[in-house]
């Protein structure tokens, strides 16, 4: 992304904020930047619920992505997401908990195989996004963490 | 009998779009599993829903049995269509479907086991009385000499206990036979603890002809044959149906052999039995059976009028075939050209990238199966085939003429394709005459290289 | 004989793309004249070159004879294809082409003059012995009464010296005749200084059937008829070929009348003679001749296998038709649905805008003529027709079934279309039975409104 | 074009100038801005020669558009553009001339009809873009003027 800095993107974002338009597409060679104002399903900050989403929510790449509400911790693989180690047990994390990179935040089950998911970041849990016991697709946001 | 309401498609590209097309026509919902690289693909937009299986590398997405099964269950699907390639002939996926109560739109795990390994399949062919490449086990040089007289050269010596090509020796003339036999037997003894060897005729060329099988487990029908002899490095490039200039008795024998094989293994689904055909000798040899829909299925659809995907789904639902062999008539001739994103001027290097313009208009007798649209991305991770042009005509000459028109009229810009190669094939006298064998395309490429 | 090397296309939308398709197939270059609103249209991208004629309003671009002529000359074209609508039947353009040495791909200025005005055309029809709506001039009430007995009610009284609908009176029953006749004659005397009036049968409904004419100036051939009775406010919505349930003798008479009219005026090009047909009485009446390619030409192409645009170009080049009437055979049945960007739930309001997704896959027997692609803009300045779906089948029932499939499978998102109306027509018993008249669609729309 | 100012465009232009990319596409609602660096036929600043341009050069709307090299004066209609009132006569304007809004800068002929073209702006002529005696399409740049 030579030639396009964080400041540039901020500048363009401000441009869009100050305009009447809802979408902005910026293409520079292979790079395509799509911005959309709050409203329709937002490609930049997808908001969970795959079962009601006709399209896959764009995958935040690992490491977690920054949005307005904190870093998104994405599902590292597709499977059933569980908040707690077993039914009835307290969840691994709740809103307000502090997490570190290796803190377990949930389990993803794929064909009876349980995969622990870690936060990958240090900070405060601001939201549990993916519901308990439901399928998450690859890259779907599980929780949000406000980094230190 | 379970009717399928929602299919999970565990594939990508044009075959994902092809399955969606038939599903929309017959009123079945679709969920497409995509990799990160295919989030914006046509299939992802056309499916009722799309779900991301994993990152771009197929090993972590399209080849992940676990992700496919979990996604299909999680999205409330009752069946999985595996397309071709990827997991389409994967016994684990078929078994996992059975275990969790999903319909696998393909054959049973047992069927897959019967054809998945070439040696196992060869055993079944022998038992079914389907011709194999001629050969026999030999114990002495004298036996080998007698057999060689019978078979003619070149020959192939294989260890009976071997497999997968290990320990094979090619023998081009009688002078080499004794020494190569000695070597092969001692190597076999050392490697497998079993000195027995097997000598068979080395068939260096021939026509690749395959039989389209349709079976509901009770009736085994064929939908004619396809000629797929135009290949480069074992990749089919142009296919057609029916096979041109095939003597009627030979055609009938090949079709019957295909059905006999499928009957012998109790096959139930859509499948294809492939043969290598020596037209001059009126002989043919079993190669393998593909237990899935083929890339080249459209040429059969065009000459029979059947929707093979709809039939495949109906069989998977447990419906008996509403057809008898006599109901399957062949009309005219069909040709398929596989359009690949590759640079034929640069040793067929793949040419992935962004398609700037794509236009495949309706032309008389033209069918296009593709996932290309303006702005489509061709990711570098997968097969380079991006479209199939299929023309149908009352005669083979008409099908060829229509393909020439199609190649002149269509547009696909932004990436390099092998369209110029197809145009050259359609103009080439040997192809136009018809009935070329598998040496044809390498020869043509050599001729093209040496012609300025 | 001049061969055309580069065509200037003075049109837009699907017909521009249709002309480009044939031009590419037969190796003719194309230059497309576009308005500012169509700079990024599919046609502009497909043509070898595109040139901006003027701003979006058609009066300053597509209807500007001067801009079209200058652009065609400036771009080195040797011919102009006018499509349909816009300047397609404009005598000034045809004359300007002749003056500057460009080939007008259409009939001569004289042909255009002969059919351009309905009254002139009616005179030619009479002279050619082609049936017109029955009627005669009358001078007295007694004559009028006798004529009315013969014709039946309702009737239309017209001033002989009038024109363009001025001074016409509708008479629904005998009691009104004398007073309306007096009124019409005195009005005619006052308005035109000529009291003579003309009484003709008022044909309130019937089937719209038209004959496709092909003439090289020597041979006048027909390529069968089309039934275009399904209309809303005189706009055709669904067309088909051949006309269903038309008695053979009536069909033959209509086809011959179309040819007779074209022969009488020395017509040379592609053209269509339209008739209003009263099937019950086995009568038909000349309506008009369209001296250009019709929107609905594809249904004729599908049943005849002809490329009408290629023939139109060949005739314009001066080539004699390489066909005789016996060479034109009809196979099966074809139906066309005009897909319009309009909101059928809101009084058919046009629905221009950006198309987000467009997918028209190859389906058996389906042809799609369209300029729609993902991201295409439908400007508000022009006609709302954005695609034509044409299905061909061995029988009418098969063509209908294929259209139903097509309407289920295709996708066009981002704008509203009349696809639901087409789906309703294809399911409607009266349409499926076949042979409806021009009252059908208004009736169906009333039925749909009153059915929740 | 509410929300997108002249400064914004200049800023984006500088962005592109400082980058490795050759093209930039900025879409905001219906507005689409396409920029291309010198090289291929430039959509923002088309350089004449319609006969060699496969696509119509995007039309600068009347009034003239601003580019780096000055305002572009577009052809108000399609026709043959003449620099001078008759063959052999001196051209209406040459580089370095001052023009006002009503200064005639050339003639466009459409089917023997001569249409005078005026500059529509006050300033210094910096370039005669469209060649003499050749067809110009609607909106094609005729000359460039550096405004006062």
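Letters A, B, C and D mark the chains as written, and numbering starts fresh at 1 in each.
To be clear about the criterion, contacts are C-beta pairs under 8 Å (C-beta built on N, C-alpha and C of every residue); 3 or more make two chains touch, one makes a residue touch a chain.
Please read all numbers here as calculations on a predicted model, not as lab measurements.
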item: Neighbouring chains shared between chain A and chain D, ordered by label; value: none
item: Centroid comparison with chain C (C-alpha atoms), farthest chain; value: A
item: CA centroid of chain A to CA centroid of chain B, Å; value: 41
item: Centre distance in Å when chain B and chain D are each reduced to the mean of their C-alpha atoms; value: 56
item: Intercentroid distance (Cα basis), chain C paired with chain B, Å; value: 47
item: Overlap residues in chain B, where contacts from two or more other chains coincide; value: 45
item: Multi-chain contact sites of chain D, meaning residues that touch two or more partners; value: none
item: Residues of chain C that touch chain D when the two form their complex; value: 34, 36, 39, 44-45, 48-55, 61, 64-67, 69-71, 73-76, 96
item: Touching residues on chain C, where the partner in the complex is chain B; value: 17, 21, 24-25, 27, 42, 45-46, 301, 305, 307, 357, 359, 361-364, 366-369, 373-375, 390, 405, 408-409, 411
item: List of chain A residues in touch with chain B within their complex; value: 30, 50-51, 53-59, 77-80, 109-111, 113, 134-135, 137-140
